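Shared between the two complexes below is chain A, which has chain B as its partner in the first and chain C in the second.
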Partner chain A sequence: MEFLFYMGDVFTPINFGLLLLGTIGGLILGATPGLSPTMAVALLIPFTFQLDAAQGLILLGAAYTSTVAGGAVSAILLKIPGAPANIATTLDGHTMARKGEGAKALQISFLASAVGGVFGVLLLIFLTPVLAQWALAFGPSHLFWLAILGVTVIGSLDSKSVVKGLLSGCIGLWLATIGFDDIMGAQRFIFHPALGGGINIIAALIGLFAIPQVITMFAKGRHNDGAEVIEVQKHPIGGAIRELLRNKRAMGIGTASGSIIGLIPGVGGQIAGLVAYDQAKKFSPEREKFGTGHSEGVIAAESANNAMVGPSLVPLLTLSIPGSPTAAVLLGGLLIHGIFPGTDLFDNHPDVAWTFINSMLIGQVLMCLFGLYVAGLAAKVAQVPQSVMAAVVLGLAVFGSYSVQSSMGDVYVMAALGVMMYFLERFGFSAAPLVLGLILGPIAEANFIQGSMIANATDGMSAYFLGGGLNLFLIAVVIASIFYSAYMELRSRRYTSKEEIMA
Partner chain B sequence: MKKLIAGAAIALASITTGALADGHANYPERPIMMMVSYGAGGATDFQARIVTMTAGNEDALGMPIAIINKPGAGGRVGWNWLAGQAEADGYTLGAYNIPHFIAQSIKGGVEYSRDSFEPIANWGADPAVLVVGADSEFNTLQDVVEFAKANPGKLTTSGAGLFVGHHIAALQMEKAGDLKMAYIPTKGGGAAAMKAVIAGDVMAGINNLSDAFRAREAGNVKILAVADLERNDFLPDVPTMREAGLDVDNSSVNFRGIMVPKGTPQGVIDKLAATVPAMFENKRVAGKMQAGGSPMHIMTRDEVLDMWAAREETLKELLAGL
Partner chain C sequence: MSAPSLPRLQHIIGSGIVAAVGIWVAFVSYTQQPSEAFLFPRLISSVFVVLALWTFAKACLGWTKVGGGISVRQFTNLLPGLIIALIYIFWAAKGLGFYTATTLAFFILLSLYDPAPHDAVRSWLRRILITAIFMVVIYGLFAKLLTVYTPREVFF
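After this line comes the complex of A and B, so read on.
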């Protein structure tokens, strides 16, 4: 209950002002394509030089929580996921916006974010010591199986056909091999200097999701002069809350998978949203509605990616190991004030530690309030004529991919992947499995090679990868997931073929 | 007419040379950019931001230095850019990591070598240390060496990637002790390598002194030896590898400093070389570095030139067999 003791510190005028500043600034930064939470926090670090430790961390913590949620804005309205965490949000969120339900999509996404986020921070407050052990339990072999588990959902994710989903996943896995390999020291498929560092995931995201849409908009503009104006429906906030309460299952699945996956160092944030989306879809009685603007999809994805925020800081705060790029940046913010995360932080600087954690708790609520306030206004974006919209999105796409590492090479990569995706979409392929392949490829590969190096030096491959409770459990889940996908595919085939006979 | 053109040409030429000479005297006239070849939040980036934060002061350069991150491929992306594409006008600086970029240029596949850059000054030296988990059975370097000798190739040792300081230290240990370890490079830098040690995925690890110091403060690891010539102020109780019986010198120490691409005007280099070491000595800078557990080691341009040359020689010898 120590956190309650320091709760008052959050509400001193300066601290609360910084919290507001971080939250609002974070929402704006998060809604800007290309500015991922990591970037946003890194940009704010120099400002904390002048503040004391607790104040600096309030600013950074608030910015972290609200950039994750802010990413949903561009994901829903523009179909540009601000960070890997928001990929799953585009699947149903953007479809909703296209139907004129942008305000509703934004409202439920902010509400779901807040619920997931508060739960995640509460986990951080109450279960940190237990969670720290859990985070350490994942060694290379377990991370390998976890990545394989991710690969098994590729087929069923947002594709009409499992085969096409798998094919586009394979393209993603191949793209992931490009670049300089840190572990073996090999150079792979570097035919242009821009590819030396591999395909940047943010640039790829922007290209794969935004560019096909831009091309489609331009192509449409040639056919009819009259801009296609979407009626943006007003949506009462009370309705959004009721919608959330109706979908407790998606909410629960999203929050639970976000919290668990967020904890695992090095994997968490990127796939939490996608895994939650996939799980919610599998457990939903209305699974065929996913991908057509179904609110369950938005709820699962957004509650997961904010639930991950709290647990993702556990390895940093207890063990002093930054488990995610954002945590690494926050570590810098602590070090600059001479505070070492770990026992030192909680024993000698409890005021800093708990004020920081409390500010994330309050930040979640503030973020939700501001989000709901702007949701109605922001949704009007859908009324912008398509030709103008296409130009704006294209501009943002170029700006966003350049700003990731101030490199023109990333812009070329973004453009090339985007044009490729436009044609792939014409053949019924979809971007989400491709991106999942791109994210999971390096995780699976690096952990397999590391694991095999350790295995060869110790017990041997089969004992290392197939032994132990956690390995066996993960393998069982992988097998179950494959069987489930196969079963669903067969069942839906039988169903459609019957229909065809009737027709 | 000809005279007029000739006169104009001479006048123009004298204006431009005058401007150039002036440019050096007044340098810097606008903010300077410094490229860091690792991501935001990493140790190099973190330290680069601290040591350059007083650049705008009148007694330093009088102009701020902005950090630009160009991460990727263990630093190769950024250094390739600095060597090939950056403008050598004095307004583009770069942060160097020794032995990383020299080792990479020896192994090939990059567009730079030691001759592509001109050092300005060194700000930090982060030695590699040998760490084991807090509950490990190893208590001294000797324990580790004995185990490695009895079980060749079985001592799993994590480190951040290939041809970085950690890898060099591992190679030197193997050579000095005539033993064989299983070096496990991790993706995700020193943090991932440290996690592997704390979680018990590997038996030992080689990591940065600054990170290991923090991990020891948190009670997660034991630090058995420092791969440097002298004991470190942060860890007065930890012996050097030489003291503990392995003849390993300071070749793996991660030196960090500022350099410029070759072709930068000599006047600019001289000006920077004269002002930057003093800028590093600023009290605020030293205080923040100390607080963050980052060991400082200020060296002037001439000292760095010697250090680069010496490193290249040792590394060529060490990496020849690989």
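After this line comes the complex of A and C, so read on.
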């Protein structure tokens, strides 16, 4: 119950103000199609430099939580998911809005998000310290395999193609080696003066997540999305609470699915929402109503995608393995403040760790309270033309990446990586494994070098890195995740070709 | 034998570039000294080059889903914006000064991609207003709040 000891820190004027700012801003950003939670958090990182570590994390955590929930606004009122996590919400939420139940859909969506979110954060509170203590038993070889596991799991599960996912991870690991070697001081792959200090993670994150979105908006040309906002009629909040209580099964399925999926590194909110929707439909006696504006669909999807947020931070805060691309960006936010996840975080910076986690708990409640009032405004923001969004995001990306170290080199790196990522994404490559490779690369290398020194002094490389129960377990998980994803890819191809034949 | 479709051709070129980078990374990793500094890059580059060549071979043989690629229409749409963005980032921001370059780039991009008519005075006034508001917000955030000193160069 250590977290209760730090609960008061959330309510200091600055911390609470930042929490409110992050929550309301996140709700509006989340509702804006094209601004993903990952990109929103990446663009916010430069604004946290002058804040304390806990304050910076409060802002980023609040934005993470509320962008996921805010995405439901545009999913329901515009039929455009604000984030991939809200795809399942669109299925029933928009139909409800079309039937004149927009306010009810928004209310149950925010209430379900809050219930799922609170459960997810409680899981984070109770699981994290236990796993962090467990992580103490990890030596360099285990940490090396864990870093590799982080890259391969996201590379294989988050991509449509396993090979391309793993290749993206390799590109990220290679990018992480650019610059001067820590031990020998040797120059590695410095083919431009801007790379002399290596690739700055924050600049890279901004480039990899923001610039492809900007170019995608350019590619649409002078196109008016013409998204029509459905007018929201008034609906009593008591009715929405009763509706939620009537659908406890969908709520439970959504919360449980989201929490479990969140714990698996690499499987994001998009999958959580869709799996929960599918399971809620299977277990519902009114399954034929799904897709026709049925509240169970909205409840399951929204509780799942917010229940995923807390658990997705468990592997991050204990083992440095981000559970989702947004969690990877949060890891960047931790590292710039000199804080390393794991036992260091809970032993040496408990105030930072617990204030951050507690703020996410309070943030869920604030998100629910403000979501209902901000929804109308957020829907209006969602109508901002793509031309404005593209120019705004580009400007913020340039200023944000420059402000990291007041270096034009970071701006060049940001732009070069962003343009490269846009073209790679066109051919099935994914940014998430590349980012993971970039973030986990230094951790993997440091432990690999340390491990090889120990190995040379003891039993040799193969015995040290490939021996022992924990090493073998981690290697087995790496291999299993790759084979499982390859199997799923082959299966989906078979089904696709069958569908093509039937068509 | 028919010529490959545009997305497949793009995929072959794209995966070819990735394979070339992979070969270069492996070459540098295995030839540069001191070898201790390249121990980890050697490990990565070995996997990198195998996966990159595998992807390239699959692309050439047509054994893989190629993704959507970029249509001619998408390319012609994005090209002016991309050129302006790259001029802004790689030259104007440093050459003209951050705020001047950002104002110009923002206004040009907004005007290029805004679906509102180009012959209406009202839409031009709206674009100028949006640009001014954005610049005030950016200046307030970065120059005043975060006290970031940006290159001023020729203009502000």
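Note that in this section the second predicted complex is superposed on the first by the 267 of 503 C-alpha atoms of A that agree within 3 Å, B and C clash if a C-alpha of one lies under 4 Å from a C-alpha of the other, contacts with A are read in each partner's own complex, and residues count from 1 in each chain.
The working rule: a contact is a pair of C-beta atoms (placed from the backbone, for glycine too) under 8 Å apart; a residue touches a chain by one contact, two chains touch by 3 or more.
Small disclaimer: the values here were computed from a predicted structure and weren't measured.
In the superposition on chain A, contact of A:L20 is made with neither chain B nor chain C.
Residue contacts after overlaying the shared chain place A:F340 against chain B, while chain C stays out of touching range. In the superposed pair of complexes, A:I183 makes contact with chain B and with chain C alike. When the shared chain is aligned, chain C comes close enough to touch A:F427, but chain B does not. Within the superposed three-chain model, A:L470 lies out of touch with both chain B and chain C [touch as defined at top]. By the document's definition of touching, both partners, chain B and chain C, reach A:F49. In the superposed model, A:I237 makes contact with neither chain B nor chain C. By the document's definition of touching, both partners, chain B and chain C, reach A:S406. Within chain A, the residues touched by chain B in the first complex and by chain C in the second are 46, 49, 183-184, 406. Considering their complex, residues 46-47, 49-50, 160-161, 163-164, 166-167, 170-171, 173-174, 177, 181, 183-184, 186, 188-189, 214-215, 217-224, 385-388, 390-392, 394-396, 398-399, 402-403, 406, 408, 411-412, 415, 419, 423-424, 426-428, 444-445, 448-449, 452, 493 of chain A touch chain C. Contacts from chain A toward chain B in the complex involve residues 38-39, 41-42, 45-46, 49, 136-140, 179-180, 182-185, 187, 193, 196-198, 265-266, 315, 318-322, 325-326, 328-332, 335-338, 340-344, 405-407, 442, 446, 450, 453-454, 456-458. On chain B, the positions that touch chain A within their shared complex are 39-42, 45-46, 49-50, 53, 68-74, 76-77, 80-81, 84, 107, 109, 153-156, 161-163, 182, 184-188, 191-192, 194-196, 198-202, 214-215, 217-220, 288, 290-294. Across the complex, chain A is touched by residues 10-11, 14-15, 18, 21-22, 25, 28, 32-34, 36-41, 43-45, 47-48, 51-52, 54-55, 58, 64-70, 73-75, 77-78, 80-82, 85-86, 88-90, 93-94, 98, 102, 105-106, 109-110, 112-115, 130, 134, 138, 141-142, 146, 148-151 of chain C.
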